[in-house]
Amino acid sequence: MTDLLDVKDLWVRFPTRKGQFDAVRGVSFRLGRERLGIVGESGSGKSMTGRAILRLIRAPGQVEAAHIKLDGEDLLQKSEVEMRAVRGQRISMVMQDPKFSLNPVMTVGDQLIEAYRLHAKGTRAEARAKAIEMLEAVSIRDAERVMRAYPHEMSGGMGQRIMIAMMLIPDPELLIADEPTSALDVSVQAQVLQILDRLVQDRGMGLIFISHDLNLVAQFCDRVLIMYAGRVVETCDAARLHEATHPYTRGLLNSLPRFDAPQGRLEVLKRDPAWAEAPSVGPE
Amino acid sequence: MSGTAWREWLLTDTPHSRMQARAAALYQGWLAFRSNTLAMFGLGILVFLLAVAAFAPVIAPHDPYYQDLANRLQPLGTEGHSLGTDSLGRDILSRLIYGSRITLYIVALVALIAPVAGLIVGTVAGYVGGWVDMVLMRITDIFLAFPRLVLALAFVAALGAGIENAVLAISLTAWPPYARIARAETLTIRNSDYISAVRLQGAGPLRIITKHIWPLCISSLIVRVTLDMAGIILAAAGLGFLGLGAQPPSPEWGAMISEGRRFILDHWWVATMPGLAIFTVSLAFNLLGDGLRDVLDPKSEK
Amino acid sequence: ETPANMLVIATRIDDITSLDPAQSFEFSGGDVIRNLYGKLVNFDPLNLEAGFQPDLAESWEVSEDGRTITFTMREGVNFESGNPVTAEDAAFSLRRAVKLNLNPSFILTQFGLTADNVDEMIRVEDGKLKLTTDKAYATSFVLNCLTANIGSIVDMQTVMANEQNGDMGNAWLSTHSAGSGAYRLVSWKPNESVTLAANPDFHEGAPAMERVVVRHVQESATQRLLLERGDIDIARNLNPEDIAGVSGRDGVKIQEELKGYLMYFSLNQKVPELAKPEVRQAFKYMVDYEGMANSFLKGQYTVQQNFLPRSYLGSVDENPFSLDIEKAKALLAEAGVEGLELEIGVREVQDRMEIAQSLQNTFAQAGVKLNITVGTGAQILGRYRARELDVYLGTWGPDYPDPQTNASTFAWNADNSDEAQLTGVLAWRNSWDAAGLTEKVDAAVVENDTETRAQMYRDIQAEFRETSPFAIMFQNIEQSAMSENVANFTTGQAIMDAAYWEVTK
Amino acid sequence: MSALSFKDLDVWFGEGRDRVDAVRGASFEVAPGESFGLVGESGSGKSTIMRALTGLAPHWSGRMAVNGRDVPPGKRRDRAFYKTVQMVFQDPYASLHPRQSVDQVLSETLYLHGFRDVEPRIERLLDDVGLGPTFRFRYPHQLSGGQRQRVAIARALAPEPAILLLDEPTSALDVSVQAEILNLLTDLRTEHDLTFLMVSHDLAVVAHMCERIAVMRAGEIVEVMGVDEMRAMRPGHPYTQSLLEASLGYHRG
Amino acid sequence: MADRKTEGRPRALFPRWLLRSGVTVGSIAVTMLGLLFVTFMIGRVMPVDPVLAIVGDRASAEVYQQVYERLGLDRPLIVQFAIYLGDVVRGDFGMSILTARPVAEDIARVFPATLELATLGTVIGVAFGVPLGVVAAVRRGSWIDQIARVVALVGYSMPIFWLGLMGLLIFYGILGWVGGPGRVSIFYADMVPPVTGMILVDSALDGNWTVFRDALSHIVLPAALLGYYSLAYISRMTRSFMLEQLSAEYVTTARVKGMSEWAVIWGHAFRNIRVQLITVVALSYAGLLEGSVLTEIIFSWPGIGSYITTALLSADMNAVLGGTVVVGLVFVLLNVASDLLYKFLDPRAK
């Protein structure tokens, strides 16, 4: 069986004043129809990895990889026009910051309808119906009103759900969700995760779930990549995240304050320069 | 110290003194600027212009005021007058060279007055708000709504013709847009956390405006000013065209163009050469402005 | 390209402020009015040298005492309204001009006419018009004055029908015509155009050009392009370079006419150094007359160092001064003047600014520093009239075709005190007491023998040339460029305004 | 006498129909030396209480007192007030002037509070917040989020205040950095005898830092409780209950 | 301004929109009043003598004095201003010295000419400037960007009369492609009844297409010239607005959806700069309406710019004041209109 996604030796480079900066360095992983979590501290290259898959790194950034295969087709070989058919239709991405990721002067409805009609040849009414259905699916109560509203009238949490709805409309095979729940209240967060969960289980969608929140990833995902300084330092089954061995992962886990019991001091991560140097942990 | 050591010292992320920090910030800005070839090209032109202005007496082949009525309106490439001569037989090249002084003078003066006035009005209006804002913005509107030429002409007419007054007049018409920009910028800055933080230290409005808001507005103003330079030179030329700018026989470029206007059909170079000079300078300022925008825009800092 | 029965002229008409002959006092306004109104006496456009000729007055007689002229009116001439032209209309027109007391009224009031006595002095008897003056002026002087536009005869009934607030129709007549001339006014759009339509009943015969359009075209280059493309028949404001540019062209001809106005500079006698006779003399040697006339003024100005324009009664052709820096220096040294620094006021007109720069250049050679102040006409004139300028560079145009017009301003100053406010008198503006010329001018104006009178003016000018603080430099030549097929167009030369009714194409 | 006392505090923004009542009838006391937490969903008015106290939210009514002294109405506060009460903002990226170096930020603060021995104080402050002297001349863009937050804390500590208001001091930071900052705050509190009023929506953080906690919802304080009660999941109000339950994490259904 | 207490009044008396528009109208009025006052004062302190403008160079002191008093110049300034203000409110701008007719009538004649020219110029400027700016931003740093820059800068830095005369020489003088200076050819002048004063509109209304074509051939060149000038400004501003939008995250979102680049640029990014663009366009339109004196002079276009300038140079203060008021009003109204559009187009502006 071919994997849904097969990324091999992915590099993302930015030229800067002080020479070249590698945001992602040799990341390789495979993804089936499952939930893959990517965690790591800020700036570790999580979002860049996600964007690189869609070839959305803006110049002067460059993407290099041995291959990025989606169902066996190498995305890197595709022309920009062919890529357009992949984006949205086959791979979607929920962007990190909903506040800036929605067009401020278009109504939510228009943006959702647009997402549908880019790939499906349906009528506007169909698109509308689908949009409302998706909004309701992400537990937005007043979908009709939200369709008419503008992004700035939405709270951060609603924006994030709209973003998710929008990206799910074309029924992608693979969804990359970049911190999709960070702005959500804990209760809504649960609902959203449930939706994603169902899509993976019922429809066999692949999901890359990027997050800060180690506990959440551990509970929600099947597998986890832990990134540090553009590399994958460890990969493990989500359920066994708490048994992770890499000192970085352990450090992250330990530095969390605990709700259930008081602690004196929190443990502080001691960074080891060697972590950044070591090669990425890959599937082979 | 060797060159590389200097570089190292300047490029450090961990400066050790205020001076080094300043120098490093400047140097990094310079590096960013330098990598922009076009901006460097613009800068080059301006440096050249400065040099020309400074060494005008050395460079100029003739006295810019020397008249030779028998030798008037010589075409381009005439022996001894490579850019020809004007209506009174004066050497155009020499006049252009000397004129660069006046052009620079105008540009420098307007650039000093208009943005500063705009900055003060705009930031005060934006920061203080309320009726102060109302009053200042109404005044700004009034000046903005004035036909510019009327205002400038009236001003020049009231104070008499002459380059200083022309400059003052242009400044008087040029400040309102700057005030608008500064105000808009101030409005976005004034509620930011870092301004709140200074307020929590008990800083007064004057201090906040001058020490905290100005430095942030200045960069966008600088960019805007460099983009407006061509306009300023031409506005001065426009006044000159109406006889109200630089007084004859001063070789101000705008005045030269308007003198040459009479011969444009048969002796096109008389007006075109100073026109090209203005074009070059404004191109230079524009390229420079674009480059500065990249360097100064905080958003581009990573 | 222009229709055969239509004459299209490009010129600058932005100086027109009124087309009421009792008010209009500008060049372009004069050009229009000349074609709209008949006068008692008038010049023949095609024979200006002949002097004034009968027009609406068929003949005239001068009384014994020389103070009253009786005009017999021509019969059968009608105004454009159809009303006949009568002596009553003529009397009304002249009285009206005196009573309105607008800019040009001095041309009539200098004969002792006032609002109070004008009904007495101008009267109609037996269908004849009688004009009485306070002194026995030279008849030629009086009649020359009546050829000025203020002597236009307007249609009394029409004008009074349009009176508003006792303005004797002034407001209405500013934008309408009520005359008996070759044309009537169709429209005057300020800064845009003046359109005239032929008066088919014109007493000298219907004009060939049924419509005349005078377009306001500011730029010489624009006028030239219009002419070259055939969109206009005549371009009146081409500068020397554009004249040179079109003169070789097929189908274009240049017509040169000597005009009346003079280019001069004057020295304010309030400046002590300038009041010295040697200094006044010296300045006249510091001007590159020939150089300017042959370069940037080429073809448009001719050297003239006397206050009467050539072709005026008594005009002389003696131009003794030329650029002579050494002589000027010697004269300055003689007067003990050195390091003189002066301000010259100039209007923002290109040729004047160039003249000023040339003066600046030659003055500097003689050791006099000249600072140029450029300003709008109103600005510079204001200071000139207030006697504030050290040196004034400007033009002067005669107001009527009689030597008195210039003599009375250049060489006449009845009271040189500041309080006198004789702001219309150039000698006064320069604080010059006219050094005994005043009386001579007064004498000349009442001399009835024309040759004697002419000689008197020649003498005045000889003295004036040497002693006055006026350095008269040039007389204007108007170069009109026109399509070759245009014939009989005249701008009126030195004494008159343009006339269109003889034009053919 | 309480370090901070709020009584029937109403805070609102805007006028007329635009009016938003951000805080309604809030009352609570913070004892000297205590660390008091404010939790609640986003937009419930937590930051607004702090902003009202420091004069950054102009419209309020009710009573606020610092060390027993009533805060005057309006937004004017005297310098003595700012010497007592200081605040650390939520977003370290927004709370530092982009064109001022650490040195400038701190020296200006010290200058404004009338300290003349600026040099040694800056060094000590940097030391206090765990930044070496090497950071002194850096500009914000040369600092990481955590480092910026330390500078912000140093700035707040500069006038030697007794009371520190902390508005989600770690929510913009990584978990690893969060631990460092929280440790730093704990240390500083003991060292300088500080009183904390701290806002966060992360219950674990609040639980870690505070002794007592007020739960806010829609501008109102629904409950004030001790940290132990919270840990023991014994809320007195249904909203607190749901908050607590949700924060336990996601369970696959 | 004193704020009257509104306490105790039922709020419903002042619905929000009424209050808002009241404030708008009020601020327009205040601006206009200020404008009038400043212009008036300029007119009076200027050392240019309005009397001289009327009586001319040769007038005697007596005539001068007479006119001086007729103009009311002997009265205190503030009284003069009050009288003037009263007249203006009644729509009476007084008589122009230069044209011997009411200033209002003059303006009604010259303003449509400028309006026609400026409108067409703006249309041209927008039609070419916006795409140019967008392309320059999208292809930032490429040769297209550089060319766009040079094209814009030539427009910015070559004096308009230079371009104008060269244009006339080439397109009219040599090629004969366009009509010459002036609004219509002489023989078509006054052929269509003036309704709006804009010949293109009037001839279209009249159905007289010959005149329309002729007028069009006359207006294209000056309009293209003004258009070029505003193109320069608009394209530079468009470029900088677009650059900002193109780096925004929502643009990436649109790409994620699989939109074509073209749709991303025009459908998303461009939508966000419309508001800013409108302000810029309004400003440049106002600038053109203010009258490009030089263009008007070169093309013998009897517009408001040269009207005001001529008036100013001749101290025809009534005309200057009237012209300034009209231009100022247009400016303020354009401002208000662009604000309204702003509110309409940008949902964030409430």
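A, B, C, D and E label the chains in the order they appear, each numbered from 1.
As a convention for this text, a residue touches a chain if its C-beta (ideal position, glycine included) is under 8 Å from a C-beta of that chain, and two chains touch if they have at least 3 such contacts.
Here is each chain with its UniProt name: A, D = Peptide/nickel transport system ATP-binding protein; B, E = Peptide/nickel transport system permease protein.
Worth saying up front: this structure is predicted, and the values here are computed from it rather than measured.
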Report summary line: The chains touching both chain B and chain C are E
Query raised in the report: Higher C-beta contact count, B-D or B-E?
Result: B-E
Requested in this report: Please compute the C-alpha centroid of chain C, do the same for chain E, then give the distance between them in whole Å.
Outcome: 39
Query raised in the report: Centre to centre, by mean C-alpha position, how many angstrom separate chain A and chain E?
Result: 51
Query raised in the report: Centre to centre, by mean C-alpha position, how many angstrom separate chain A and chain B?
Result: 48
Requested in this report: Pull out every residue in chain A that's touching 2 or more other chains.
Outcome: none
Query raised in the report: In chain C, which residues are in touch with two or more of the other chains?
Result: 219, 221, 225, 348, 376, 379
Report task. Would you mind writing out the residues of chain C in touch with chain E in their complex? Result -> 2-3, 6, 8, 14, 17-19, 25-26, 101-106, 171, 174-175, 187, 189-193, 195, 213, 215-219, 221-222, 225-226, 228-229, 231-232, 348, 376-379, 381-383, 385, 399, 421-424
Query raised in the report: Which part of chain A faces chain E closely enough to touch in the complex?
Result: 51, 54, 56, 58, 80-81, 84-89, 92-93, 95, 97, 100-107, 114-115, 118-119, 150, 152-153, 163, 166-167, 170
**Report entry** Sites on chain E touched by chain A in the complex
**Finding:** 247-250, 252-261, 267-268, 271-272, 274-275, 345-348
Requested in this report: Please give the residue numbers of chain B that touch chain C in the complex, ascending.
Outcome: 65, 67, 69-70, 72-73, 87-89, 157, 160-161, 242-244, 247-249, 259, 261-267
Report summary line: Within the complex, chain B is touched by chain C residues 219-221, 224-225, 239, 241-242, 244-245, 288, 291-292, 294-296, 347-350, 353-354, 356-358, 360-361, 371-376, 379
